[in-house]
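Here the chain labels run A, B, C and D in written order, and each chain numbers its own residues starting at 1.
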Amino acid sequence: MRFGAGIWLFGQFVDRYATDAYGPAVGTLEAIEAAGRVGDIEVLDINFPFTEGVTVDEVRHALSANGIDAWCITPHIYTRDFRAGAFSNPDPKVRAQALALCEEAVGVAKALGAPTVKLWPGQDGFDLPLQVDYREVWRLGLEGVSAVAAMDDEVRVAIEYKTKEPRMHMSWSTAARTLVGIQQMGREDIGIVVDLGHSLFAKEAPADVLHLINDHGRLFTVEVNDNWREWDDDQPVGAIHLVETLEFFVALRQIEWDQPILLDQFPFREDPVEAARSSINTMKAIDAAIDRIDMDELAEIHARQDPLAAHRLVTELLLGQAPVA
Amino acid sequence: MRFGAGIWLFGQFVDRYATDAYGPAVGTLEAIEAAGRVGDIEVLDINFPFTEGVTVDEVRHALSANGIDAWCITPHIYTRDFRAGAFSNPDPKVRAQALALCEEAVGVAKALGAPTVKLWPGQDGFDLPLQVDYREVWRLGLEGVSAVAAMDDEVRVAIEYKTKEPRMHMSWSTAARTLVGIQQMGREDIGIVVDLGHSLFAKEAPADVLHLINDHGRLFTVEVNDNWREWDDDQPVGAIHLVETLEFFVALRQIEWDQPILLDQFPFREDPVEAARSSINTMKAIDAAIDRIDMDELAEIHARQDPLAAHRLVTELLLGQAPVA
Amino acid sequence: MRFGAGIWLFGQFVDRYATDAYGPAVGTLEAIEAAGRVGDIEVLDINFPFTEGVTVDEVRHALSANGIDAWCITPHIYTRDFRAGAFSNPDPKVRAQALALCEEAVGVAKALGAPTVKLWPGQDGFDLPLQVDYREVWRLGLEGVSAVAAMDDEVRVAIEYKTKEPRMHMSWSTAARTLVGIQQMGREDIGIVVDLGHSLFAKEAPADVLHLINDHGRLFTVEVNDNWREWDDDQPVGAIHLVETLEFFVALRQIEWDQPILLDQFPFREDPVEAARSSINTMKAIDAAIDRIDMDELAEIHARQDPLAAHRLVTELLLGQAPVA
Amino acid sequence: MRFGAGIWLFGQFVDRYATDAYGPAVGTLEAIEAAGRVGDIEVLDINFPFTEGVTVDEVRHALSANGIDAWCITPHIYTRDFRAGAFSNPDPKVRAQALALCEEAVGVAKALGAPTVKLWPGQDGFDLPLQVDYREVWRLGLEGVSAVAAMDDEVRVAIEYKTKEPRMHMSWSTAARTLVGIQQMGREDIGIVVDLGHSLFAKEAPADVLHLINDHGRLFTVEVNDNWREWDDDQPVGAIHLVETLEFFVALRQIEWDQPILLDQFPFREDPVEAARSSINTMKAIDAAIDRIDMDELAEIHARQDPLAAHRLVTELLLGQAPVA
């Protein structure tokens, strides 16, 4: 297993209530150093623009000083200027501004050797019934993502889907909806970020959509966390939905995923380095547990689609043999 | 507006608690007569097999006696024999049995002049984590639906998606997932049933997916009802989500839908004829209300993606001008 | 740990789609014998009326022949006659019929030595907005439960809450709502059934409400199962939400629960005896796992309200120490 | 109808993604002036502390200059210092700090003539399984609220419940849970804020809990908005759930609520004055619509608990008579 993280894990968190933030401001370089302290982080998904005054060279040096590679560059297309949408904003000037920011991000990706620009259009969608022309919002979304993909032959684009937040309904809502859009765009250089938490939130079976996306050749990157299935809580891996998390990691092994697995956590009330270590510890323990699964037995369970045998397998794997009273 | 219904609306309802059923047994012919009593039902979606001893000729006569056409034939691929799945059942014998039943249904569709066999694989999917090989369950589902589509050149297949029930997770779960599967099958004669209630249940924006499916040329039939968005309650149209229901009917007008709109209700505790009339009355009133919408104003709202203007439009349409205090 | 079950676990299942049932009919006496075959079932929650023609004496003999005691008698107040409500039915004749059936159930409880009549008013509530006078429906519900409690000094009443199904909104919806009603009724002989699955379905923290109800002196009986948190799926214990299930059993130990824990499962597609054994096996394994928890460590975690330490405790308990790479 | 608002409606919004805020900073005095511009705002729920450097006298003058009274003072017990809880924070120093802030708020309430201090303990609760001792968290919550209620004989305390956000699980989660806690505290000067949106979010029937709380003598204040039922979206009144919103206002009339109804909106992307006016316009239109309801007919519907008659009443009220084809 190889690990990475979204740099935001090590940043400052704010929400609409704790408007004075959950902790002090953290610069891009500090965040990279914090990622380095975790000990297992090979790569980072880095937001762009960086914090005030930080240069690409400084980021490159901070990354190499911490033995970390740039995995994705994720442009901030969901901040104030884009509050009514980035690619599908009703104002063409704002749409152009979003594309200009993405173009910068593509340049930064090349400069830092990151293969991917990640697009998370968190403000693209709608809030109320009858507010939008759904066809037009979708068309503009496809147009925008296609334009970013066309910016550079070496840098590919990965779409991160989520059902909502901050927009109450996001355009790129589920794995299948994103695949439909990708097929409409008809480009090979556009893929998908499977975020385990977003998949749980979308009420998907994460292992199912991981395979579906991989079978379509669109699995570009993987993020992990956990939540209460009603919101993107970005909690430590396996803290709540351990059984489905285990199944997701079995699926990652089945597809022979050898790329880094990135943490997408928001440790609002915890130390970020400890929060990252806690998830990595759990993932290593899950990986060791998967080594103990009899894959022939699992194949037989699957051949029979046997729920009770699956229940017993999970029980014995996670709880051990029940004592004979 | 033209109306139709699923014949089950007029049948006997049972659930896992009221095992003595919510009312007396109702035969296929009685159900057709009840549909005729509603007064506005032009077409029926008819389950096959019919109730004990009823012949195709008897059904044809009952339909014509009531001035009703057969719209879909829907085979019972979710009863006891198929409790562990129809097309994706782990037992090849049961899969063959499902296809045989569908072949009969295709024959009945031709005999009754119904253009469509509706497939609702309500038992295809899974119940527990680690129970199934998702890739194989999906592959079998595609194989089964394709096989039914290939049975006859004149009879097309419409897939009705739902997220769950009776299977805890159904393979054909959302509009987008169904589109992905249809693209994988690569046939022109396979389309989608948009059920307004299933779309609300899937947390989709029904007007959005109606357009998406129509733009893909896959909108074969439309069913309507309402629910509490957490289960397929099959309640009267617009009884709970009136604003989104209004928006859905605006979308039907935008795509110039001139086919019947079918009721999919389960009036467990009500008279079915009255329940159907109540929904039809509401749909006629919605249609009249849509006539009162200034479509230029709506277009301007959409151009601005203006939520407050949408709110005002809905308020004035449904509540009238607020009194000036 | 002591175990019991709801007798329905061993019965015939039907739903609104598999109207020919998921399996053959099962009589009350057969169901008792099946419960006996499980091997660990000490007590049963028994539905009344029994299946056709079965007498109280036959039930008594079947129970003793299988070494099982009657734990609760649960009257069928949610079948056809009560489809529009039992205690809160708008028709006073039906309300009287419900009370008469409950009175019979009280007599059967005494005859079989069961300390409790369980009331699950699954049809009491409402389906649509503006349908009911909420105050009156609630008042009638309190009146009905109070009347049953007053029927006999030795037989107490336990209310099983659930948010919905079969009624779309049930009156006795959550743990707290049920406590409010019990306080309004002002009787000591009315308590609550905590059903782990109903609590998950209600989006409660099951361990939290177990303590809340116990601290109010109203915890009369406990049922267990698992679900997908959006419906009462009645699946095997710990199959989906293992971590919260573990926490629930920690809470049962904290309150020194020494009464039987009853299975409430609907093994639609599985062998019921095997389904029951699978849950019991998991509960025994959970119990053994709880023995391995350092309760001082847990107390320190609770003193600090430390989420990462809780995450680590669960990881080490269920997955073991992560290997040092 | 009388109207009010939470002052935050007119303030600056930020969330975890648009960390540069959705608009410019807004001071307490500016927000009061904006409220005055709405035209129908009689009262405000005012957060304390005020923005930097603003004095109680300045607030008093701004209120009177705008013809607005102070309705509630709501202390900021959910900002950074209280991120791990206010009343139930594991650190007694932070709990004391929360009480000290509440004491200041009580003083401000007296100084501004506000009858109520509103407590919204948005950080009190938990995030992960096994993190907290639920009994202790609940006990501390009761202790804290009681302490605030005891601070002054003239100022009463209103608890605003919400299921989650910012804490993933909030202690004061539902109407019934809050009533249980109030009964445990045993004080007459502690009541409840019914927020229509929080009630929809909790999957309650808002009209039902309004009556339940009022019948317990605990309805202290009412807030309104709408949402998608899965999050506290704080959208304009009736924009999504118009039918249930109508029913809620019928219930307010039934209890003869003559106090102000406060807006709790977060117009992230809209002009706040226009957003407030849009909701007030809708509420006035709802009020006029309720005048058109035949209350005898509604009483008969309720006597029969008749869902189809309720459906027809809503259809005719909101859509008018359907045209006779």
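Following the convention adopted for this analysis, a residue touches a chain if its C-beta (ideal position, glycine included) is under 8 Å from a C-beta of that chain, and two chains touch if they have at least 3 such contacts.
Which chain is which protein? Per UniProt: A, B, C, D = Xylose isomerase.
Not measured: the values here are computed from a predicted model.
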**OP:** Treat touching chains as neighbours and tell me the shortest step distance from chain A to chain C.
**Re:** 1
**OP:** Would you kindly say which chain has the C-alpha centre located farthest from the C-alpha centre of chain D?
**Re:** B
Subject >> Distance between the centres, which are taken as Cα means, of chain C and chain B, whole angstrom >> reply: 34
Original post:
Hey, what residues on chain A touch two or more of the other chains?
Top reply: 84, 127-129, 169, 203, 230, 235-236, 239-240, 243-244, 269, 307, 310-311, 314
**OP:** Using the touch rule from the top, collect the residues of chain A that touch chain B in their complex.
**Re:** 84-85, 90, 126-138, 163, 169, 174, 176-177, 179-180, 183, 203, 205, 207-208, 211-212, 215-216, 243-244, 246-247, 250-251, 298-299, 301-307, 310-311, 313-314
Subject >> Touching residues (chain side chain A, partner chain D) in the complex >> reply: 12-23, 78-80, 83-84, 122-123, 127-129, 164-166, 168-169, 228, 230-231, 233, 235-236, 239-240, 266, 268-269
Original post:
Where on chain C does chain A make contact in their complex?
Top reply: 40, 203, 229-230, 235-236, 238-244, 269-271, 274-275, 278, 281-282, 284-286, 288-289, 307-308, 310-312, 314-316, 318-323, 325
